[in-house]
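Input: a single structure, listed below in structure tokens.
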């Protein structure tokens, strides 16, 4: 036992130990970690020693993902966008509608016709959330909890999604450039990262015009007239 | 209405009478205005709010006066008293066939109508559920349906419960009792789907 | 209307007069019925079709008669003659504030109405411009106005051009000719600002 503890594996020494020490990981500034260097050198070192340890590789990978998340989280500290600038023009007073009663043509038959459609689509919606069972066994205890970070991101994603829905009134298309107009480059990048998360969850679709390089964000059920290609 | 008979004399009692008649004329017109724009039956409370009075008796009297005025004019419109002291201004049924062709604006476009039909069929139903079934765009529909007085929303803990209103029932000629209404809807719906099937 | 004066006598001339009066009363009621259910201005052709006549003169005469009847009754409703000999039945504007809450249509609040008047005044106008002038919240307004059939949107290259619809022109009793309509609107806005000033 004593001999084992003395002869600790190479990856528990600096600089790789950072990937295997939860407490250190929590305290570090993610910008100071060069993940690409750490992982490449970690693999080289393992190959050199001839001891291929999948557990250690897995933990290293997980920790790297966590550091990425921490970086994203720093990026994603969203600030309120500045109020839009209002152009000057003559603003006429509101036109008040004269009140007229109007008989409408909708009958109970119309109501039932559409009810039929809705009930059919109701059948297609699955309310029980699919429980995803992980293929791999639970991560070992040295792994930090990712949930908190994910929750943060989810909150930001929800905010962004709500903002998008508000902008397109439920469903519609909006250009990325329009949506991020007036925002700083950094804020635009933050929004873009969140959009990628939203797209991955299927909440929005993103597609890019090859010529103009404009990115279009589509929200909600859209019937695209020309069958524009959508890809998540 | 008394206006035509109003004398030009300025004797004090006459003038008081004239003022009272004018006030009454205005109150009748207010009730008429409310019934006209509502296009649905209004109850005594609603009519009280128009006249800014708490006296149901007064409103009841005025409503009857208005009915009388409409009856004596003998035009295409009528004001009726319904069950539970509700009043409605409507076209006399005899005239419907002649003017049906001018009724061509739907109450709602298909999207909001679908949302409404789902709420009616599943009520009381949580807003969350309606959004799950119909998609995120229904927030606009729900808002519109609320503004039109076709559905009402009620907070219950963290969720919002939606149901149809009396106006909805009146519009489609359904019962105000939700249990009965749902049965009616189911019946009509089943009959309707049978018809549909037999047609194809 | 003549009904109250109809004699019970059965003398032949009296009876013919009575029949004519009754026929006229019925025709007036038919016109009223059409205007009531349409809730929009109807033109002479449409009114001819209701009376099953080709005589525009007759319909014109009857429409004026109906306006007279409404004016003399002095109730909450009025029938107006608009440009191009179109007629509409509506609530007198004075009554609007009292009964607004009973309207079962998504009644536009001041915000969307401002957006609407801007579009009407500047049309054809790009959506982008409207957003620049009125702010980002107008996307909701534009959508509402489209759903109500008051404006239409048309893609033109990469931008969306907004303009008011014929339904809009009818609603406000404005000309269908955009140039004329804009002039009419200018008058409306001027009157409005005068009223505003006199009130404060």
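By letter and in written order, the chains are A, B and C; residue numbering begins at 1 in each of them.
Here, a contact is a pair of C-beta atoms (placed from the backbone, for glycine too) under 8 Å apart; a residue touches a chain by one contact, two chains touch by 3 or more.
Computed from a predicted model, the values in this text were never measured in an experiment.
Distance from per-chain Cα centroids to the pooled protein Cα centroid is smallest for B. Using mean Cα coordinates as chain centres, the one most removed from chain B is A.
With centres set at the average Cα position, the gap from chain A to chain C is 51 Å.
Centre-to-centre separation of chain A and chain B, using mean CA positions: 47 Å.
Between chain B and chain C, the centres computed from C-alpha atoms are 21 Å apart.
In chain A, the positions touching at least two other chains are 99, 101-103, 169.
Contacts with at least two other chains are made by residues 36-37, 39, 91, 102-103, 105, 140 of chain B. Contact residues of chain A toward chain B in the complex are 99, 101-119, 121-122, 125, 127, 165, 169-171, 219-221. Per the touch definition, chain B reaches chain A in the complex via residues 36-37, 39, 91, 102-108, 110, 113-118, 120-121, 132-140, 172-174, 185, 188-189, 192-193, 196.
By the touch criterion stated above, chain C contacts chain B in their complex at residues 1, 3-4, 25, 28-30, 32-34, 36-39, 42, 46, 49-50, 72-77, 91-92, 95, 98-100, 102-107, 143-144, 147, 149.
Only residues 84-103, 167-169 of chain A touch chain C when the two sit together in their complex.
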